[in-house]
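Chain nomenclature is as follows: A, B, C, D, E and F, assigned in order of appearance, with residue numbering initiated at 1 for each chain independently.
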Amino acid sequence: MDKEPLVYLNGEMMPASKAHIAIYDASVVLGATVTDLERTFRHSIFKLEEHIERFYRSCKYARLKPPVKLEHTKQIIEELVEYNTQWLDQDKELACIQFISPGEFKIYAGAAGAPGGGLEPTYCIHTFPLPFSVWKHYFLEGVHVITPSTRHIPPQCLDPKIKCRSRMHWWLADQETQLVDPKAVALCLDLEGNVTETSGSNFLILRDGEIWTPTTRNILHGISMHYVKELAEKSGFEFRERDFQVYDVINAEEAFLASTPYCLAPVTQINGIPIGEGKPGPVFEKLITLWSEKVGLDIKEQILNSTL
Amino acid sequence: MDKEPLVYLNGEMMPASKAHIAIYDASVVLGATVTDLERTFRHSIFKLEEHIERFYRSCKYARLKPPVKLEHTKQIIEELVEYNTQWLDQDKELACIQFISPGEFKIYAGAAGAPGGGLEPTYCIHTFPLPFSVWKHYFLEGVHVITPSTRHIPPQCLDPKIKCRSRMHWWLADQETQLVDPKAVALCLDLEGNVTETSGSNFLILRDGEIWTPTTRNILHGISMHYVKELAEKSGFEFRERDFQVYDVINAEEAFLASTPYCLAPVTQINGIPIGEGKPGPVFEKLITLWSEKVGLDIKEQILNSTL
Amino acid sequence: MDKEPLVYLNGEMMPASKAHIAIYDASVVLGATVTDLERTFRHSIFKLEEHIERFYRSCKYARLKPPVKLEHTKQIIEELVEYNTQWLDQDKELACIQFISPGEFKIYAGAAGAPGGGLEPTYCIHTFPLPFSVWKHYFLEGVHVITPSTRHIPPQCLDPKIKCRSRMHWWLADQETQLVDPKAVALCLDLEGNVTETSGSNFLILRDGEIWTPTTRNILHGISMHYVKELAEKSGFEFRERDFQVYDVINAEEAFLASTPYCLAPVTQINGIPIGEGKPGPVFEKLITLWSEKVGLDIKEQILNSTL
Amino acid sequence: MDKEPLVYLNGEMMPASKAHIAIYDASVVLGATVTDLERTFRHSIFKLEEHIERFYRSCKYARLKPPVKLEHTKQIIEELVEYNTQWLDQDKELACIQFISPGEFKIYAGAAGAPGGGLEPTYCIHTFPLPFSVWKHYFLEGVHVITPSTRHIPPQCLDPKIKCRSRMHWWLADQETQLVDPKAVALCLDLEGNVTETSGSNFLILRDGEIWTPTTRNILHGISMHYVKELAEKSGFEFRERDFQVYDVINAEEAFLASTPYCLAPVTQINGIPIGEGKPGPVFEKLITLWSEKVGLDIKEQILNSTL
Amino acid sequence: MDKEPLVYLNGEMMPASKAHIAIYDASVVLGATVTDLERTFRHSIFKLEEHIERFYRSCKYARLKPPVKLEHTKQIIEELVEYNTQWLDQDKELACIQFISPGEFKIYAGAAGAPGGGLEPTYCIHTFPLPFSVWKHYFLEGVHVITPSTRHIPPQCLDPKIKCRSRMHWWLADQETQLVDPKAVALCLDLEGNVTETSGSNFLILRDGEIWTPTTRNILHGISMHYVKELAEKSGFEFRERDFQVYDVINAEEAFLASTPYCLAPVTQINGIPIGEGKPGPVFEKLITLWSEKVGLDIKEQILNSTL
Amino acid sequence: MDKEPLVYLNGEMMPASKAHIAIYDASVVLGATVTDLERTFRHSIFKLEEHIERFYRSCKYARLKPPVKLEHTKQIIEELVEYNTQWLDQDKELACIQFISPGEFKIYAGAAGAPGGGLEPTYCIHTFPLPFSVWKHYFLEGVHVITPSTRHIPPQCLDPKIKCRSRMHWWLADQETQLVDPKAVALCLDLEGNVTETSGSNFLILRDGEIWTPTTRNILHGISMHYVKELAEKSGFEFRERDFQVYDVINAEEAFLASTPYCLAPVTQINGIPIGEGKPGPVFEKLITLWSEKVGLDIKEQILNSTL
């Protein structure tokens, strides 16, 4: 197809329809995959450097060595996004994902040798148009979060600071949460009962006029979350990293999700209890406006007007 | 190719070389995959019923509904194994794997809709010849286990009783263990310091003349482990499920790994300390002999003589 | 009123309408109240001895000394039940509650002295007709249980083996659970993720043909649960006390609540997932039939036919 | 009685002697009661706004809706205190308590319906003269605290940030503590061994010239504690919220209890070991003096001279 | 001195007054010492084999290799006891201790080399007359145990199954306990609140007619405790290893300490609450009588009549 | 010997060869010993005041009362160092250790009385030349740290803030670590998986341009670590106390050990993964240079040139 996007897979650029993963790949067999994701604004990538650096930090922790250097990865991403945006409508944006797994366990394909012997990493970079309509209701009604009985995995088992794809517990948490409300989002507590994050975003609250994020012990070091920090401090809010609990969320003035695809969304309920006024609040509006100014488009409007 | 094995994928039998996973499949994206594995002895499957039932129990826990009923899965496995063993040497055996994921996130392929909306499970069954040579040294020197600093994931986060493929923590544990000895196997402790299991097997000890397995709170309900129980009780050993710690392993008379591919292997060291005499012991020999008699071949010899 | 039931309060028998608690009573101020509850079958009390003994064990743990001896308490209960059943319809039954608190903090009433100085226990025994209609749907559809994010209080803070009235966490757990389903019952996990009990009953499962109860570390030593044990063992089922988790409940053949007021009820769903066939099962029927025979009335029918 | 104080109960002002709680009220049956307490200085209430706001935050967490709005509660309290102080001696002060429970379980009174169906909250506001003499020895010898073996309840079971009346664990902790010294006060550790609070006060230490409070994860957000913060910062002390342990208390320069009824008291021993000089220290004196100046009376003298 | 007992130290028998430890010995510097202790009855050693085997198990766990083989250690002990009892009164008995440390850190004495390089273990065996009078009150009033706020060290830090001399936490626990009662003995809870052991003995209870010991996860595998098991089972009592809590001790029929020096002692109070009748009970009497018969002397009388 | 160093033991100065510990001393029997250590630069003691004060804080926690006052201890140390340095080469330095134990259990020597009755503390102060060559490779290759499976002891069992000699867990951790690399140093995690300290030093990282130390909840309040803080802040680095995990160390720019004998050493690997460039970094160089300037000698050179 003429307009088919390209995918980078193991050293080659290829049409998306040719990009497959072997059923014996460690990504399928173990979920031992490290990943990261960035997005465009007006077709150019936001905070690419930060995303790639975090990706390489995750790789180092997981003892997975990307076959190309950081600078080269950056270049591939830029090429890919440039190519894949050429037929994209102006009001649409791309997400770009890179992921790496230990590689194919060729033994499952009948090859001789040890299961893990001589593995070569599987390394893939691909894009997709951001499905904005998925998040429309976040900006109309606000997000409803639910704390499921499933707890977040502690760092001594698998550190949530790496962006990895062993995510069965998030699948379980979200399924459990949807018993209450099919649109609700799971907000996992850690083993001590502290608030952590959702399956796809950092969680923040406005409490006593300060913006609080859970301690980074337990959560992804979100690049959007760090940008919220920057915007919040510019706007005169103190930004604090600290342990907090459901009580603090129930009694917060506002709450937010921060995530690369939709930047920042207002959270208006927890466990069925309204947060603040139970609707998107003024600090959310302030922050999303600043962010929109920075990137030269109205983030909220782009999502609300999207047909994708 | 004439002799190419078949793979069952989403309702179709196809040559293995045609069986791929989309890079947007939940198995790749989330590792939210449930699986199970059985093997043949003399080309016929051992304890198939038990494996399929455990697989369906895992699916129920993970809220993944296999697209075919249990009886049908059994039939597919039997057909596949029959077909795929036809060109297989007499001294080789097959493993058969079934796995299911929530399906393809078509949104990543540019389709409209919610990320999790209308997912259809990806369901795959495939086989591969057991790479016996991988385990030869288990039967010559015995297995060396190491307790890494990484802890096993607790059931309130993700229950180890399901066989799933969110296994990054096992990847990490094994990598850490291999710092001590490249052939060593990680034996994870749980958060309370109890011995649990390895990435691919149950762990048992002979202690004060009884055979102990860790409590099933923390581990896969191994079908091989249950068969060891049967054999042990027939041989007059009491078999007990109980919490135990590294002290007990250090001071055990013998220790074992139980796992579908190689059945039962002797463990002769923990953290560099010899267990018992530091070599495969008489109870191991007794159990593997009984098992071999049951399946009509010498399990240990088949492995030691293998060229694969 | 002629037909007004009597209440025993601090040494006196009085009409129910005269029995009040001071707003400064420790039961109101601290919830530091120990209690127990028994019921009648055909207007005579079931297992009174066991209930009183458990009550005195709870009192001993809580360092509360009932002002009358065990034998005397028994006598008061018998008199009260005899009196209060005299106008009761044949198809109705009484529950009888005894409770004790450290007593009135008279300082709040303006008296001089230390807050805890010279407290005299408040000791009350009263009855009420069992509101059977509350539990009708338990026997029609079965009970639906939900595991809330709220965890059960651990024994080193407050031992769940005593029947006490500091139950705010149960109020919270049940409120949270009712977000999913207003009729659902909270089944709390402990801090390690083991299944414990509900706010008003013990929880049991039928698993691999055995009946399992959570270890008594974490739960009330239910007198109904012990009676189920007796009936189960008579019927040839092994009865085991052991830690188990949500996985085991999801994959149980049947599950039950055991509780004094309704004896035994079938549990047919956990977190929206059907248990076994998703309806009351044959082992439940067997046990409730045996119990009914023992007490000389059809327990299930009495509840289903009740107008109260 | 002419001089009888008024009590507000469920919408009515009534003489104290008429204010009773039904034995079926949720406050008695469950201890599911939310409360707060404020006091007067020179017969006018201190920090009323803060106390009522905290009370409404506790209610929100507990899903209990006061039948009147915050402003109205404030008005009732003011009326009550004005009325109830009219015969009070000049050197005496009132405490005012508000509490709310889910209401009467009328089913226990023989009414039909579900146990929790159609509950109307029980809402009560009452006052009592502060029994200053209870705290005299705090200011003469200083408070002796003991860490009992009983641990504080963790937030994932019941958040200590709400002021509630499920306090059996505090009853137990104080009873255990009094084995060492009948005047000693229990200072509970949390499950990780951090210092938390006492049954009726916040606990603070002076350490390396800074004032430390335990992290607010585990404790009531004390209004007196916050006022100490204000006074301390005014006096040039850094005020830090952080986890600390018994070692830090043993080696503190001074330690304090902060609590509404007596404001601030010096702690001079922990587990029998003197803190600092083992007597009330200069920082205590400074803070209580500042507080006294603020409220226009000598707080310590008022207590020491009290006959109540 | 003629009658001076001998001590075995690093391969030599020497008079006790010559046996010293260097201030740079690992036993002094690290407390990294493994030990065991046995006693005589009528001047002959009881269960020597069991004690030595446990000692060698502890050594294996601690990676300390005794310089002589097990059989040789046995021989040394026997010689030492024979020699050292020769002037001992008939009514007195010896305890014999063996201990091993990693050896002298000669670097502290100014020698060159790595701190741990080329260490040679320090190995000592010595005896002392059992100071029976220390335990007289155990048999007159019974032992009073107190649960201190200090918790037992968990096996993942240091396994209590080894008898080692890093015992500062026991020193702290006993000091804390003696605040309540100078004769009281600390009974430590583990991190989950289960009862474990005292600083010098195993703890057992009689509960519902069975004898319970804490699970051996958390405690020394006491040789006296195992002998109590043997005697209890002979007497028709079921002996169970299980987790239990303070509630169970408070409501036990009897409780006991089992320890090599005094064999078995009745526990009559916990935290100031009487256990059973609050005095030595009939099961204690039965067990100590059986034990006395076995060893050919009245254990209790020997202690009560002792002048040492 | 003329040049024999002096040791202070129980009130007396004596030649080192006369200073012994009884085999019944509590330091040998219990490891219940509190200690501290300081060193000289150019033969004069560094931060003596701080070390002695910390020693007395440890003693207070452990309820051990040094027989001489703080000022006197200081004087003894100064005398000892002055005397013991008189024959010491200019390029060598002394370490000075003080330790205290509860004293000799004379009962083990056959004396009458209770085991703990009338104990008099054993109090010893001694010196030794710093064995610099032990640490040479720290400054050439950098230190390699390994996180063992053994966890650090939590403060509620034994507070790591006191410098005590119940260190069997450190012995175990270091032995386990040396399986990977005989020169590696154990870096223990706490029960929650946070990084704590090594057996002989504080651990710090440079992360995002700040210097981080683990929270002092879990570690010795190192005097060298505090001095690093002072130097770091002078050099414009923010110094933060916070929980961090292995991920943070892997992704740190640099890492350090801080310890009295060698001041500050660069850490260049964790679990076989290079930290930063995998060699001593510029911030290390800056800090050690500042320290060297302060003490008037080149700390690194002194160690690298040492023959001891």
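FYI, a contact is a pair of C-beta atoms (placed from the backbone, for glycine too) under 8 Å apart; a residue touches a chain by one contact, two chains touch by 3 or more.
Just so we're clear, the structure is a prediction, and the values are computed from it rather than from any experiment.
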item	value
Most distant chain from subunit E, judged by the mean position of its C-alpha atoms	A
Centre distance in Å when subunit B and subunit D are each reduced to the mean of their C-alpha atoms	57
Distance from subunit B to subunit A - Cα centre to Cα centre, in angstrom	32
Between subunit B and subunit E, centroid-to-centroid distance (C-alpha), Å	44
CA centroid of subunit B to CA centroid of subunit F, Å	46
Sequence positions of subunit C contacting 2 or more other chains	63, 149, 151, 154, 156-157, 189, 191-193, 246
Every chain pair meeting the contact rule	A-B, A-C, A-D, A-F, B-C, B-E, B-F, C-D, C-E, D-E, D-F, E-F
Subunit C residues touching subunit A - in the complex, by the definition given at the top	146-149, 151, 176, 179-180, 189, 191, 193, 246, 271-272
Contacting residues of subunit B [partner subunit A, same complex]	5, 7, 16, 19-33, 62-63, 97, 99, 102, 107-110, 112-116, 124, 126, 128-129, 131, 133-134, 149-154, 156-158, 164-172, 174-175, 191, 308
Residue ranges of subunit E touching subunit B (in the complex, touch as defined)	57, 60-61, 63, 154-157, 159, 161-162, 192, 215, 217
Residues of subunit F defined as touching subunit A within the complex	189, 192-194, 243-248, 250-251, 273
